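Handing you a structure now.
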Amino acid sequence: MKKFFVVLLVALVAVTAVFAGGAKEAATSQVKIGFIGPLTGDYANYGVRCYQAVQLAVDEANAAGGINGAQIILYAEDSEGAPDKALAGFEKLVNNDKVCAIVGAVLTGETLAIAEKAQEEGILLISPSASADGVTDIGSYIFRTTPNDGLQGKVAGYYFAKVLGIKNLGALYAKNDYSQGLYEGMKEAFEAAGGKITIAETCMVGDKDFKTQLTKLRNANVEAVYIPNYTAEMAQQLEQAAQLGMNIQFLSGDGFTDAQIYDLAGDFANGVIYTGPTPGAENQTFINNFKKAFGVDPGTFSTNAYDAANIVINAIKAAGTNRSAIRDAVAATKDYDGVLGLINFESNGDIVATTGVYLVQNQVPVFQGNYTVVDGVLSEVK
Amino acid sequence: MSSIAEFFQHLVNGLTLGGIYALIALGYTMVYGILKFINFAHGDILMVGAYLGLFIFNFLRGGSAMGPWWFVAFILAMLASMLICALLGMTIEKLAYKPLRKATRLAPLLSAIGVSFMLSNGAAWAWGTQSRKLDYPFDNTPLNVLGISIAPHQILILVVATIMMVALTLFVSKSRMGKAMRATSLDQSTAKLMGINSDQIISLTFGIGSALAACGGMLIALDVKVYATMGTMVGLKAFVAAVVGGIGNIGGAMLGGLLLGLLETFGIALLGIPTSYKDAIAFAVLIIVLLVKPEGIMGKAEKEKV
Amino acid sequence: MILLETKGLTRAYGGVVAVNRVDFTVESGLITGLIGPNGAGKTTLFNNMTGLDVPTSGKVFYQGKDITGYPAHKICRLGIARTFQNIRLFKELSVVENVMVGLHFKNGEGSRFALALKSFLRLEGEQEQMYRKAMKWLEFFHMENMAEEKAGSLPYGYQRELEIARALATDPKILFLDEPAAGMNPQETESLMQTIRRIRDLGITVVLIEHDMKLVMNICDNITVLNYGQKIAQGSASDIQKDPKVIEAYLGTDDDPSDDDEDF
Amino acid sequence: MLNFFLLIVIYAGIYALMALGQNMITGYVGILSLCQAGFFAVGSYVTAILSVKLGWSFWATIPVAVVLSALLGVLIGLPTLRLKGDYLAIATLGFAEILRTVINNWDSLTNGPNGISRIPKAEIFGLTIKSKYAYIAVIWFFVLIVYLLFERIAKSRMGRALEAIREDEIAASSMGINITKYKVWAFALGAAAAGLAGCLQALYIGSVMPGTYVFMVSIMALCMVVLGGMGNFAAVILGAFIIQLISYFPQMVGLSNIIPAQARQILFGLILVLMMIYRPQGILGRKERKYRKTTKEASK
């Protein structure tokens, strides 16, 4: 009766022995970095795209000779979008693989869960996408290459009110950290700038039918609708809005930077104004390389992940594999010229960022300017 | 509610959503009716069907411009996808469920969850995690009727759901196979004594249920795009719809689906329930219906023999 | 003395009236038989008296108290126990455990909360006590050597007896037996008759549904006959055997289409 | 590797509590409930809210979480426990989803989708619980307590009543057992155990977010019960340990560096199917209670 159990145990032990033995033979001329993000489950698409971007950065660095001759090895762990799984991945990267820095995690919640442990362990954690306020305040080892929701929302709010002159705005956001964070940041700024949110509708993550919400928005007579969400959901919303005969200005956030939106939404994307990172000179090269490597467009946070990986790689080049030295080197990053443009970090680990504004015309985003908000005043950065 | 037009707009939206639920619920209710277990993998078969349909459709239409051929290609793709999914469903039944006929009720349930895992993650592995668009096989410009916008694909969904329901009802009530199915669902061992090969019938039921899922998958794909986890929530809601309508009852599945779609829509639109509680509405309805009439709206009560 | 009686008890399922205004009385200390062709409503009447079913109209009185609509567990606690037509043992539990379930609410004194607490804290002693009581009942049926076997694995006849033992463990004043001799051979039936008499001698009133006329006529002090849900006769064995209505009911209903109504 | 193994021990402990509760509900009374994730969430959030927002000590949050989960269990149990089999399963699943939706939307209390983070560590005798060994000690201490408690209940008259209900509700009620009361009791006990698991999860992870408490968590708890052996509390703990070992095994041995993440999930699905086919009664099976050994002679 217990045969099954015995066989299972023997198998587990055997495999453990084989792999544990194998792991020890690792060559010395290797530099290990880690990645954590949702690679399966509902958020897999965002995690996988970030992972691919990091992989691309690592491959490119290795092709260019690695770090002082040493090859970089990327260990990726799946968080499934849940903090406990993220923590397990973190433990494994830090204790088993002994990576010297980690790019991740992708979602705010899971990042918050591992950030504290990263701080305790003293290992660099640089998230490409955890945009909620307060993430980097957990400690000195926590960085991110995405502007916090506060900034992006602020620019969006002031831009909508002051530049576009919108007085009366509707919103449709998802009840998840990213979407709600952007909405709340925007709302605060928009209302501070004298605008009014007439109607705010929400949806659940994974919802694909927004007709009810859109019908309510349609009948609320607002001047524009803000839809900060992920790519596929926004494509869906734009298309369903068109099906409902809504002829209204749509506004969005950096979820729109994923070129896939044009595959999914096509012409429905035209006319949308959105905020997003300002592209650096290398942006197009990155997009082309990404497509060549993985056969798909980079996702919303791929650029952030790619830059984060490169910043880590550069820091290791400069400072070696000591974890705290890497942290210091990253903090000292000065005008890194990435695909996001020039990158610097604030003292708390947030990216010093400006937010670009784009208008989609004929399925191509047209850059409208680069903005930041200082003391409640929107100013264009040239 | 600002106008009558808005009311009817919500009605149209609710009916389409309900049509989708109904379509999937049909497959659920058939399988449940015979095997009495929740086939959690049903939603994932739907997803596989949508992917296959997408690939076949894109292959068939090649580089041709949109026209009548696209619609033909779409229908052909749907039929092909239904056929493949029927085979897939039968294979799954044979490998993962058939050995469990005599085990506890929990065994097939967990086995189905295992299958669901394998299908959805397998799809993500093979076909990537990004959403894909299934192009409309026709001009989908919404029709404007008295201020109500109706997209042609919404009409298609309702029409196909109705056709499927009628066809299924006829099949189950009139055909030899259908009668054997009903007999099997009532009492497997007696059906066996009557010379009905119940294994074959169960396999066939799975085939039909899976084909229905594939058909639903392709129609839903028009509405929600194609991605690896597309079947999970919609599958669960469809099951809820099947239970609300009365499980094992084809008309009930249709009714439950439409009811659920309408309630989700009007619950938000009329009753002012926050939209983020949309999923909760479905489950609340389920619980209320089960408490008032545990066998579902159109189901028949079975009293335990004492 | 009338221990239990129904007054105008009616139970209808939709249009089908399974039991129709039946007045049924159980005299204390006697063995009462309830007979009738298949589908006559006997089990339905049982279910309505033991709380497994609620009458459409009419009342059930126990020791003069209206107990209509009481849930089954309450009725059991009043001292009314029963067995089932299709044996309903706790098959995965051992034989002695089955009887111990019967002792569930009876064993010990005081409030049920105190009982539960006592059971929780002074486990061994309490269980030991229950075990001994249960074994006593098994001895009554000469089944003590099967105590640790799974109830589901017992031979059919023993399962029937175990069901009776379990019911007796609830310390009832009335015991309802639903076709206790069904499926038994003549020897087994004979021994069952002895057992039923011994139960009566314990001071327990017995009510039984039975098709085995020999058994019924032999041991029942009082017999009620149902047909089509209605009471058609009541009296001693000899009265019943002579009653023309009863004779007609038994001879004339062989091809009665409503045969399967018994299952309600 | 050892460090990672310790993590598995911690997670196994947390899930073992949930599985013990599930076993009380499903293994003992035979109620197919899919609601453990909901009670797990309630426990986690009670600890998170009380300790972060009101500054309570971790230990003080435990009784509140346990009682609240149990009350919720009663609240959910009273209406749903009348249902049978899969209907009950789907209704309880519905309740779990509703709970999660409420948590996700009640921003003022739960912080909505962002969850609550930086939950303070617990202290005991002036020492802060920090190391993995300390967590293991605390978590498995609770596992032991709940195990002993449940095992005790199982052996008492209540345990037998619950088993009787599982075997045959009608017969049980005819034996004077108030089946509704016992079912609700069992449900509340199971819920309380899951709530306790939630407290410990919140403490160890240090943050809570709605995305954790998905339907899969309930399924995992159920798998642990089935794998271990229904109605067998010790086996269920073993089941929890094995399932966690299987699901984190690729990470522990570095297999996750080689195979893609999806393959790991596919493997898990496959194991689930194979497990059901080859050993549906679990590793140890149902525990049979012997009150007194019958001697061979006695049966002759």
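Letters A, B, C and D mark the chains in the order given here, with residues in each chain numbered from 1 onward.
What we mean here is this: contacts are C-beta pairs under 8 Å (C-beta built on N, C-alpha and C of every residue); 3 or more make two chains touch, one makes a residue touch a chain.
Quantities reported herein were computed from a predicted structural model and do not represent experimental measurements.
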Maximum centroid distance from chain D, chain identifier (CA atoms): C
A-B against A-D, pair bridged by the larger set of C-beta contacts: A-D
Central chain (distance from its CA mean to the mean of all protein CA atoms): D
Chain A and chain B: spacing of chain centres that average the CA atoms, whole Å: 34
Euclidean distance of C-alpha centroids - chain B vs chain C, Å: 48
Separation of mean Cα positions, chain D and chain B [Å, integer]: 32
Per-residue multi-chain contacts in chain C, two or more chains: 52, 84
For chain B, residues that touch 2 or more chains besides their own: 121, 124, 274, 276, 279, 306
For chain D, residues contacting two or more additional chains: 101, 104-105, 170, 260, 262, 265
Contact set on chain A toward chain D in their complex: 1-2, 4-5, 8, 12, 15-16, 19-20, 22-23, 39-40, 75-78, 81-84, 87-89, 91-92, 95-97, 107-110, 112-113, 116-117, 132, 138, 175-177, 180-181, 202, 204
Contact set on chain D toward chain C in their complex: 152-153, 155-158, 160-161, 163-164, 167-168, 170-179, 286, 288-294, 298-299
For the chain B and chain A complex, residues of the former touching the latter: 2-3, 6, 9-10, 13-14, 16-17, 121, 124, 128-133, 140, 142, 144, 149, 151, 154, 223-225, 227-230, 232-233, 264-265, 268-269, 274-276, 278-279
Parts of chain D lying in touch with chain A, wherever the complex brings them together: 1, 3-4, 7, 11, 101, 104-105, 112-115, 117-118, 201, 205-209, 211-212, 214, 242, 245, 248-249, 251-257, 260-262, 264-265, 278-279, 283-285
Touching residues on chain A, where the partner in the complex is chain B: 40-42, 44-45, 48-49, 175, 201-204, 206-209, 211-213, 215-216, 219, 231-232, 235-236, 242-245, 260, 263-264, 296, 299
